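There are two complexes below, and they share chain A, which is joined by chain B in the first and by chain C in the second.
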Partner chain A sequence: MTLRSGLTNPLTLAAIAILALLAVGETLSPGFARGDQIVRLLTVAAILGIVAAGQNLVILGGREGIDLSVGPMISLGAVIAGNIMAGANAAILPAILAATAVTFLIGIVNGLGVTLVRIPPLVMTLGMTAIVQGGLVVYSQGIPSGNAAPALMAFINRPLVLGLPGILFVWAIIAVGLTFLLRRTAFGYAVYAIGANERAAMLVGLPVNRIRCLLYGLSGFFAGLTGVCVIGYTGNSFISVGDQYVLSSIIAVVIGGTSLAGGAGGYIGTVLGAVALVLLQSVLTTLQLENYGRQIIFGMTLLVLMLLYGRQGRLRV
Partner chain B sequence: MTPGEAATAAGGQDAALLDAQGVGKRFGAVVALSDGRLRVEAGEIHALLGANGCGKSTLCKVIAGTVAPDSGTIAVGGDVVQFRNPRDAEQAGIALFYQELSLIPQLSVAANIGLGREPRTGLGFVDRRRLNSEAEALIALFAGVAGAELKPEAIVADLTPDLRQIVEILKVLARRPRLIILDEATAALDGRQSARLFEILRARKAEGVSTLMISHRLDEVFAVSDRITVMRGGATVAQLVTAGTNRDQVVRHMVGDARIHPVTSQRMPPALAEPRLTAQGVRNARVHDVSLSLRPGEIVGLGGLQGQGQSALLQGLFGALPFTAGRVTIAGETVALTRTADAIRRGLAYVSGDRGRDAALTGRSIFENLVAALLVREKRRLVRPSELDPLATRHADSLNTQYAGLDAPIGTLSGGNQQKIFIARWLATGPRVLLLDDPTKGIDLAAKGDLLAIMRKLADEGASILIYSSEDAELIEWCDRVLVFNSGRIVTELAGPTLDHFHLARAAYGEAA
Partner chain C sequence: MSAVVRSRPWLLTLIALAVLVAVNTALQPSFVQPAVLQSNLTTFLPLTLVAIGQTYVVMGGDIDLSVGAIAALVNVVTVSAIAAVGGDGLTPIIAGLAAGLATAVVCGVINGVLVAVLRLQAIVTTFATGIVFAGTALFVLPQAGLPVPEAFWRSYGATLIGLPVVLWILLAGLAFALFLGRRPFVAHLTAVGGSRVGAFQTGLSLSRVRIGAFVLSALFAGFAALCLTGETASGDPLLGQSLALSSISAVVLGGTALSGGSGGPVGSILGALVLGMIGNVIFFAGLPFAWQTLVQGLIVLAALAGGVLVTRR
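And now, the complex of A and B:
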């Protein structure tokens, strides 16, 4: 790898961004890069990273793949999980299963809309956003009841092994599993193939529609899982708790070098992207920037990244 | 006096329209060009020849301002120029037909032809009426030889490969260049369409416009070019006058010391076995009531003009464009071909000549591109690259593909070498029925020889091969018999003594009228 290709490699860029943000944070507020602070940041990054995993898959699959409905699906997952757990440790597993099953099915509906009815993903998932949001209000009557079980909260907020909370291990398992799936299984090869050229993928015998449906289903699944994590992190939920994750999950994927055009990228980049984004958020908080200021910076980050990566446009196949 | 003429006067010698000297270009570790030299005079048709990957396209892209050279000089009309982008080159009167096409599939034919130089209305909006009428006038150049679908409003993505290629040609002509560069512009065109293109180029030549054409079809090179430049391994090795040379000499310059497979025309006639594949009265959008039968060991050609249903038949048999009526049997068993995966698992393989649309997994590695069909055929769940590498390498090498490594992105290969990978993709599946849809598009003479040798070996081992080619010579030399298509139907079958250029042409046009 030459120096130049190294500098334009998204993974390297994301890693450099992480170090730079740590340095900036430490300068602005000494103690920013302390061990326990970093664990705290990684926990927040893990929650973002899990929803970004689904977003990543959908984007990799191409044909303008994107899932805007992860926000309400996270909220729904959190509300369902809270209702079922109602503070009882024994109900954690059923809560996780129920939350992810429901959001998985919603994701499949997204996938069917995108493949069979050929609704553009942006429109389909935006429509789904409205439907799920509305459904959530009806289901919870506006104020979700229920709360997280203590064991779940401990798993996410307290050190488990080596001073790290359990959620970081879950994230690590997801990262390894997803990377294995993408790089070492025929399914992973198929995801890249349909993202790179859908017609060519069809001609080599891949069930393009089935795979794409499944990707949206998985995005739903990861959003539901994120919902469980969110309620475990804060203890209880509200019906728009997931909204902030829509834009940030997309940015995390893009920082990580996954092309919005599909067919190129991977989850390791997204992991770095999630960490970089959470760090940025934290530095901005240190600067006592108001929420709208942060939004502006986030939006600008996305656009600048698109500009940077878009310039490496390919003329050849 | 133009700047060019001024330079001529000052230099005191004839300045060529284009003079490129010592052009070098590296991509990472790959040396694409080491010493590209090319001199094109005003008002000539000049052919640029060489094996796949020898640097022809790269040299053209340097000349057209798409690729920045590492070294060398380019002079236009005697002035040394440095193009920073294609627009600069266009302003100097140079326009390039891109081998991999530069069309925007979602846009209309007219929008593509006028791209970047659209006529405006008084208010600054695109003047659609004029855009369309300009496109209409250009399309008229190919009247009678291009399908009726070629209209200004047609969306490029919906066009067949030959028509897309014609649109790219028109896009170049619309810029009214002094130097037209055609990088394999005839690769998907049939005989009539190519002939029309050459008529147009000759007319331009009479007006002083020059053409630089790249082609792997030596017949057309000798028929239309005035001079020939041959490249090998990134360098120019010969500059010849067409009238003073011959095929053998040119080929020797192209391949150097390497040997080309001698293609023998003798072959064992296929055994009289039960048919492997039959179709009875099949129909789809472009196929109307076709019946055929293919025995093991047979190589059967599909002839006729471009777009008469040959490709649709092949795609139908492969399950990509399912038949709406009729019956297909494979090894005596009636099958419903609605999904490509089923066809693949029954041993069918489909090689498309339209690699950009049908084959290239853009941005993915050569390895991924090569094993894509194999994974489906063998129903693999896990992929162990170390296990598949030797197999991938073997199939890529069987066509003498030039590549740096299996992990390099497919786009780093030259056009012909990409096509070899897409053929290898299907050879790797061990096909029993090989459906070839203009498979030699862009591959060089040596690779055609290799492909023919492989096809014969597969046939001798009992595979059945159905091939469409836009080049009649391939059908005549390669096939045991040829089914000639017209308007979605088989109109004649040619074999033995009647399988020659004359009968093919007569069947294709004569009986069409």
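And now, the complex of A and C:
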């Protein structure tokens, strides 16, 4: 690997960005890079990272794959989980199952719209956003209800083993599991194949539509799981709690080096992308800038990151 | 029949619009009164203008998520420029309009250069520039306020040769779209969106065409911002946040494919009006308030799916 290709490798670059942001944060506010602060940042990154896992799969699957409906699905997952738990530890498992099952099915509907009706993913998931939001208003009648069980809140906010909260272990398991799935199983190779060249994948006999449907279903599943984490993190939920994750999940995937064109990239990059994004937001908060300054720097940083390695190939005759 | 529809997908949007107008008139008999029509058009106009501009970007195979932020920026720049020039008469208003539209052009050029020259992906890039534009709007005017002169909003609400000014603006948008449709630019844009490699190989300047589309999109977002300023008569740095995604829905409803290379702004105008009318009909159908968002979402998705099914090749 030459120096140049090393520097333009998304994984290296994201790692450098993370170290640089930590250094900047520590300089601006001593104690920024302390152990407990880093654990807190990683917890926030884990919540983003879990929804970005689904987003990553949908984007890898190609044909302009994208899931804008993760926001309301997170909110829905949080509201369903909160209502089933209602503060009782015994109901945590049923709550997780119900929340993820419902959002998985919504994801499958997205997948059917994209594959069978051939609606562009951006439009399908945008339409689904309005429907799930509307469904949430009907379900909750606009009143926040339900709350997290104490054990779930402890699992996400309190140290479990080695000073780390349980959610970080869940995230690690997802990262290892998803990377194994993508790199070492037939399903994973099929995902890359349909993302890189759908026609070729179809000609070798891959069930392209079924795989793509499943990817959207998995995106729903991860969004529902994120919803459970969100309510465990904050204790209660409101019907737009997931909105902030829609574009940040896409950005985490892009910063992590997965191409929006599909077929190239992976989840380890997205993990680093989620950490870098959360760190950046945290550094900008530490700067105590006015709101506009934070926004401008945040947008500029995204553009610079994309300029470094998000560029597309040059057209040639 | 299907060949006619395939070459003019907006015919279906027109039929949908006619049905919605009929249903709305049945539910709300006062709908056809000139004053009610004018107030409805005032509500629909900003999205309609944004949708016209968004169409050009989509036809070229790109997408512009920053239109809402551009509208907010143009709005605050316009009201701030009017306040900075001060005084009575037309001078401050003309200065404000010029400053606002110049801002829009700059935003469009930035988007176009990043996407077409520096080869960044349009969807993430315009999202990021949108954040920067929105931040700049907050910098220019941190809080909503700064009233515009009475002449500004009075003339926006006035009538000209018997027709409301808002209708004239809509007709001007339509006329511009029809005029541009006869110019080589749109043919080039369709070629670029249809086959980027093919267009490149014919020697077409891709970046110039794509930058042009982004500038048009920003300019129409600027026009929409001026209309919103005429409606609210003040500045608001958080205005127009739903414009980006709604304009994409309008473009798709109007029969322009998101993959680029087909469609046109006339359909998008109808698409934006259909979106507005769906909201109207649901409001007047007397549904319980909690159900309105859900039903609206279902109808819009059904319309989008129907449009895709009819026009797909």
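One rule holds in what follows: the second predicted complex is superposed on the first by the 289 of 317 C-alpha atoms of A that agree within 3 Å, B and C clash if a C-alpha of one lies under 4 Å from a C-alpha of the other, contacts with A are read in each partner's own complex, and residues count from 1 in each chain.
As a convention for this text, contacts are C-beta pairs under 8 Å (C-beta built on N, C-alpha and C of every residue); 3 or more make two chains touch, one makes a residue touch a chain.
Remember, it's a predicted structure, so these values are computed and weren't measured experimentally.
Peer 1: Contacts for A:Glu64 in the overlay, against chain B (first) and chain C (second): which applies, first, second, both or neither?
Peer 2: Only chain C is touched by A:Glu64; chain B is not.
Peer 1: Looking at the overlay, what does A:Met202 touch: chain B (first), chain C (second), both, or neither?
Peer 2: In the superposition, A:Met202 contacts chain B only.
Peer 1: Tell me the contact category for A:Ile296 with respect to chain B and chain C: first, second, both or neither.
Peer 2: second
Peer 1: When the two structures are overlaid on chain A, which partner does A:Ala81 contact: first (chain B), second (chain C), both, or neither?
Peer 2: In the superposition, A:Ala81 touches no partner, neither chain B nor chain C.
Peer 1: Any idea whether chain B or chain C touches more of chain A?
Peer 2: C
Peer 1: Check the residue A:Ile106 against both partner chains and state whether it touches chain B (first), chain C (second), both, or neither.
Peer 2: Neither chain B nor chain C is touched by A:Ile106.
Peer 1: Answer with first, second, both or neither: which of chain B and chain C does A:Ala274 touch in the superposed model?
Peer 2: After superposition on chain A, A:Ala274 lies in contact with neither partner.
Peer 1: Using the superposition on chain A described above, determine whether A:Ala33 touches chain B (first), chain C (second), both, or neither.
Peer 2: Touch status of A:Ala33: no partner.
Peer 1: Does the superposition put A:Leu22 against chain B (first), chain C (second), both, or neither?
Peer 2: A:Leu22: touches no partner chain.
Peer 1: Using the superposition on chain A as set up above, list the residues of chain A that contact both chain B and chain C.
Peer 2: 314-315, 317
Peer 1: Residue numbers of chain C touching chain A in their complex, please.
Peer 2: Against chain A, chain C makes touches at 63, 114, 118-121, 123-125, 127-132, 134-139, 142, 196-197, 200-201, 206, 245, 248-249, 252, 257-259, 290-298, 300-301, 304-305, 308-309, 312.
Peer 1: Quick one: in the complex, what on chain B touches chain A?
Peer 2: Those in contact with chain A are residues 28, 66, 100, 102, 318, 320, 339-341, 343-345, 350, 352, 355-364, 368, 371-373, 375-377, 380-384, 410-412, 418, 425.
Peer 1: Contact residues on chain A for chain B in the complex?
Peer 2: Per the stated touch rule, the residues are 2, 5, 184-190, 192-193, 196-197, 199-207, 259, 263-264, 314-317.
Peer 1: If you look only at chain A, which of its residues touch chain C in the complex?
Peer 2: Where chain A meets chain C, its residues are 64, 66, 68, 113, 117-120, 122-124, 126-135, 137-138, 141-142, 247, 250-251, 254, 260-261, 290-296, 298-300, 302-303, 306-307, 310-315, 317.
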